[in-house]
Amino acid sequence: MLIADAVGQQYRETGWFGVLFTAILVTFLLVNIQRAKMGKNLYIRRIAGLNAIDEAIGRATEMGRPVLMVPGLSDNVNAIAVQAINIFAYVSRLAARFANPILLCCYNAAVFTLAQEVIRDVYQEEGLLDRYDPDSVRFISDRQFAFAAGVSGLILREQTAATFFLGEFYAEALIFAETANSIGAIQVASSTEATQTPFFIAACDYVLIGDEFYAASAYLTRQPVLVGSLVGQDWSKLLVIALILVGTIFNTITVQGKTTQSWDDKEGAYKTIPERQNDPKQSFIQQLATPFLPKMEVDRPKDPDAEATTK
Amino acid sequence: MEGNKTFGDVLQSLPKQVLYIILIVFTSVPLFFPVKVPNQPLESSIDLYANLMSVKPGETVLLASDWTNSTRGESLGQFNSVMRILMRRGVNAVIYSTGDPQAPRVAQDAIAKLNVERIAAKQPEYKRWENFVSVGFFSNGEATVNGMATSVRSSFNGKKDFAPGRGLTDVFESPILKGREKVADFPLLIVITGSKTSNITVERLSGKVPIAFAVTGVMGPETGNFYQSQQIVGFASGLKGLYDLEGLMEDGVNNPDKSGNVVVKSSKYGPIPGFPGEKNDGQGKRYYPTLHFAVGLLILAVIIGNVGMFLSRSGGRK
Amino acid sequence: MNLILQSKVVNFWAQPFNSQWLWTGVIGGLLFGILIFLGLMFMPAQFRRPVVAFSTFIGGAYWVLLYIFPAPIDMQKTELATGPVESVGKFLTDANPVVVSVSGTVTAFMLGLGIFSLLSIHLKRITRRQKDWAFSVVLLAALASMAFFGYADYISRQGPDGTKLDLQANWGFVNYGRDLLFDGLLQQMDAAMFSVIAFYILSAAYRAFRVRSVEATILLSTALLVMLSLMGAVAFVWNDAVRNMANGNDFLMNFQLTEIAGWIRRTFETSSLRGIAFGVGIGALAMGLRIWLSLERTGGGA
Amino acid sequence: MPPILTYDGIKVTFGVLATVGLYSVLYRENKFYRFFEHLFLGLAAGWTLLTIWVENLKGPWWDLMVGVAPEKAGDPGGNGNWAYIILLPVGLMGYMVFSKKHNWMSRIPIGLILGLWSGQQIQIWYNTYGKQIAGTAQPIWPTTWSSLTVPNYDTLQLSPEALAAARSQVYLSQAITNFLFLMTVVCVLSYFLFSFDAKSKLVRSASGLGRYLLMIGFGAIFGSTVLMRFTLLIDRMYFIWIEWFNNVILNRS
């Protein structure tokens, strides 16, 4: 009984490791954000796709055609959508200065709300609120292919000169990319869905691959917080790499040995088996990742309103 | 300009519309002439089949049906095959959806069609409430699945389905949900999806219950990732996976056919029977041959483009 | 929290269905909410960021706590917690459905904003007789009829004999209307738009897949190999050829098309996806952290 | 009665019209497409409007707030938890976004949703990636040299024990594969290191290699996902030619 008080389910056996690992990552991030805030200037490597943004907007201005932005098809307002909107805030700032019309098409109402709010702020900060048209940030549809149809319709009718597809994109990615390509618009694209990236690579001018998307706002705005967190992310990646390498070594050594035991998840216990090589599952790193939880029963007093509460 | 185009340039700049028309022809004509294509099932498909066949009759599985008609081309076939296996082995199913508000209806329609087929074949009907309950749709997928990790009962709380003669009744009064609290009380969780819900399920439930997937081809690679790290026990991906499944239902695994030769071998499993003679093929059999023509055309187009490029390059040098 | 929002036993927070006390509570709560609303409206500007930051923090705090706070071991719903730690743990797990419905509800209220945006844009277009205003009429008409038939159909399916409507024979006008609009049109258009991608793949591949650079060549050749391996017939023929050549030699058997493609996918596809996933995952974690603690300037953090 | 005049016939015909209408954009943007595009958007929006109440508010909010009516005599029914009403004003704050003066208030509900999302990220990170990290760490040195590649278990007849033992071995080919897998993951990860000076030779070569390995991965992804796209087109063609033209128009089925 005491054990239940002392250790929670998630800390049994090696369960604590997951929590600890996450904690370390979080610390990495916070520490580096702090470092950056204290004015330590940190290096970021060049990201080709992002330098294209200014070029694209410039081109749109010359042609006097609108810039179209799509913050992905997130089901709800989440970090990916927020990140996309952060980048679009930068884009709209430039567009606002050049008095270039913008068009921001949203898939989700909450994202639409946020975008509406953020973009308005941008124009306000630039002191160009008179140039801001609330209808330039639109909700199109929250049905994937209705959205696809609507956006490609807009691209074709408005003859957009530059298009930005940044965020969570799925199958519709290629519809946007090819439609934009057919009217010769510059496309800067990125999907956090790795499975869509090849299609963007095939059809778009500039593609941000995977993580570059999260690096974007730091790269563009150089806000200390963002840069710091980016460095923190790198540290975290190095930690993951380190863990993988250590794990590989442990694993390689472990399997050289032999065993007559094997863990049975259903039983929640070891059972004896004829001799064979060690299962990599029994190596140190594997046990950290997947704790072998023995069965454990704790009996407690029954709840008087149990009937009522379980109804 | 148009005049002095070399042959290479022409090959490189075929008008889109022409390609499109050819594609339509290539994907239409073969439909009228279905043929059986030889095939070797993928290991992941065999694992899926084996796991489906290993559920004991009378047991109840969780079935997340997260597809609608927009991925009908792949998901409907997969759903049908999975349901056929469950029905024939007398396994009950608790059907819920986190993908699309419409998914439950689509699933029920599909089951209704399968029942017509069963009755025609003099097999018992797969009855609502006694063989399957439809829990319905959950608008906040992440959180619901997260809740299932701690207690299925609390996350399905208040959901109702039609009980014969009683109208809408709390699903937990259904015989097939008797005494099932935790997700671990179910022998298998099957996710048939056309969207990302499969990832959500793995993130929240992996390790708590055996999970099997039937996903659309585009989700295949990601799913393979989970499969390899043993977060899921097996999966069918896209039309290929479906065609595998239909084949396995015909031949079984390590299972000699009439003429005694084993069609599908796997050292992982003992003999697993199939359902020879019953209606096993559906969409897979119908679409898979046509797919060959479509992909063939794609490859051809790429080759033509490259040939054109080389021609005009060498032309440039002269 | 679960005491306030999910108590099943009657107490101050939970009242029987349709009892006058329940409605008193509802109205009282509403008035209270309106007061807060007004309070916020006239609150001095310097408190705005803190308020937003607070609401964000509270939201995240629940999941973080749920993650790090010791969860009771093997706790059944019908059991009582023993000791303070357990009772907090139980509270957190029990609160799960409440948090779910809270986030779900707040999101749901937002949905209306989308419709609002659509209406404002298209009504404007119609009243000002702007270009394509006729199509805006189509859009609004479709919106109205879908909503009407959908809701009428939903109503008709409530109650004990709702199951009847699973059979087309028992359908009424509204059921047909909904079926035609939803299954007949909306779903079909979904599928149609989805399948348009096939055309675009063809044109994109034709245009872009040229062996210009090393990278392009690698990408192209892998793609071709995998595609071929997934074409059952091709794979079968190739494998057959190899099997005949190999006659029993295990090593040569590895050159079956499916083997090669499978190996590439297992070795490179999965691994590169995983590499990307780690990066993106960490990115999302970092972003989540920054948002949760409102460290960012633009975006949700105010 | 000919199938074209039955309800199902009409329904299918509508579907075909819509499909053709949307396909017409492949030729070029035209009024026909524009009509179906707006029809599509309208229907979708109507459906959303419907789901706001039916799917997202009635069950998860209203019913919890006002409780459920007793079904049969003696059944107390579900109690209502009136405090849920407080979510209404919170949700409505989002609508302030259109106000010139108080638009900031829309950030409160958004903040709440974002907060819930961010918290979950921290909660699920390890559950998602922990296993994959461990799964990436595989033995890269063989345990046996008896055979360089994995023997074909199907051909050699082994007792279950012997088979299990044989399976537990790591053969050279597996070791190499594992190594390549490991290398790909590591190189790809280091390709996404942004803050390290590219002068460091190790990082540069690793990330350079990473980019090529990525391309192999992307190629494979393209190859394996492209088929699905065609499948859906084939399904459409089946719908038009078989389900409509053949079964409805020619009335052969």
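Annotations for the structure displayed:
Here the chain labels run A, B, C and D in written order, and each chain numbers its own residues starting at 1.
Going forward, a residue touches a chain if its C-beta (ideal position, glycine included) is under 8 Å from a C-beta of that chain, and two chains touch if they have at least 3 such contacts.
Nothing here was measured: the structure is a model prediction, and the numbers come from that model.
Chain centres here are C-alpha means, and the one lying farthest from chain A is B. Put simply, the chain closest to the centre of the protein, by Cα centroids, is D. Per-pair counts of C-beta contacts peak for the chains C-D.
Mean C-alpha position of chain B lies 20 Å from that of chain C. Chain C and chain D have Cα centroids lying 9 Å from one another.
Once the centre of each chain is set as its mean CA position, chain A and chain D turn out to be 14 Å apart. Spacing of chain B relative to chain D, judged by their CA centroids, is 14 angstrom. Residue positions of chain C touching 2 or more other chains, listed in rising order: 8-9, 67, 76-77, 99-100, 103-104, 107-108, 110-115, 118, 132, 182-183, 186, 188-199, 201, 203, 205, 207, 209, 219-220, 223-224, 227, 230, 265-266, 269-270, 272-274, 276-279, 284-285, 287-289, 291, 300.
Under the contact definition stated at the top, the residues of chain A that touch 2 or more other chains are 19, 22, 25-26, 76-77, 79, 82, 110, 113-114, 142-146, 149, 157, 171, 194-195, 198-199, 201-202, 209-211, 215, 230, 233, 237, 240, 290, 310-311.
Within chain D, residues 22, 25-26, 34, 36-37, 40-41, 43-45, 47-48, 51, 54, 56, 60, 68, 78, 94, 97, 104, 107, 109-110, 113-114, 116-118, 120-122, 125, 127-129, 131-136, 182, 185-186, 189, 192, 214, 218-222, 224-227, 229-230, 232-233, 235-236 each touch two or more of the remaining chains.
Interface of chain B with chain C (complex): residues 14, 16, 19-20, 23, 27, 37-40, 42, 68-73, 102, 108, 112, 128, 139-140, 143-144, 146-147, 150-151, 153-155, 157, 162, 166-168, 181, 221-222, 224-225, 228, 240, 243, 288-289, 291-292, 294-299, 301-302, 304-306, 309. Across the complex, chain D is touched by residues 18-19, 21-22, 25-26, 42-45, 47, 76-79, 82, 110, 113-114, 116-117, 120, 134, 140-143, 145-146, 149-150, 152-153, 156-157, 171, 194-195, 197-199, 201-202, 209-212, 215, 218-219, 227, 230-231, 233-234, 237-238, 240-241, 243-248, 250-252, 254-256, 273-280, 283, 285-286, 288-290, 311 of chain A. On chain C, the positions that touch chain B within their shared complex are 76-77, 93-94, 96-97, 99-100, 103-104, 107-108, 158-163, 166, 182-183, 187-188, 190-191, 194-195, 198-199, 201-203, 205-207, 209-212, 220, 224, 227-228, 230-236, 239, 258, 262, 265-266, 269-270, 273-274, 277. Put simply, chain B touches chain A in their complex at residues 16, 70, 141, 153, 195-196, 207, 218-219, 221-222.
Listing the residues of chain C that touch chain A in their complex gives 8-9, 67-83, 85-86, 89, 107, 110-115, 117-118, 120-121, 124, 132, 186, 189-190, 192-194, 196-197, 200-201, 203-205, 207-209, 219, 223, 272-273, 276-280, 282-291, 295-300.
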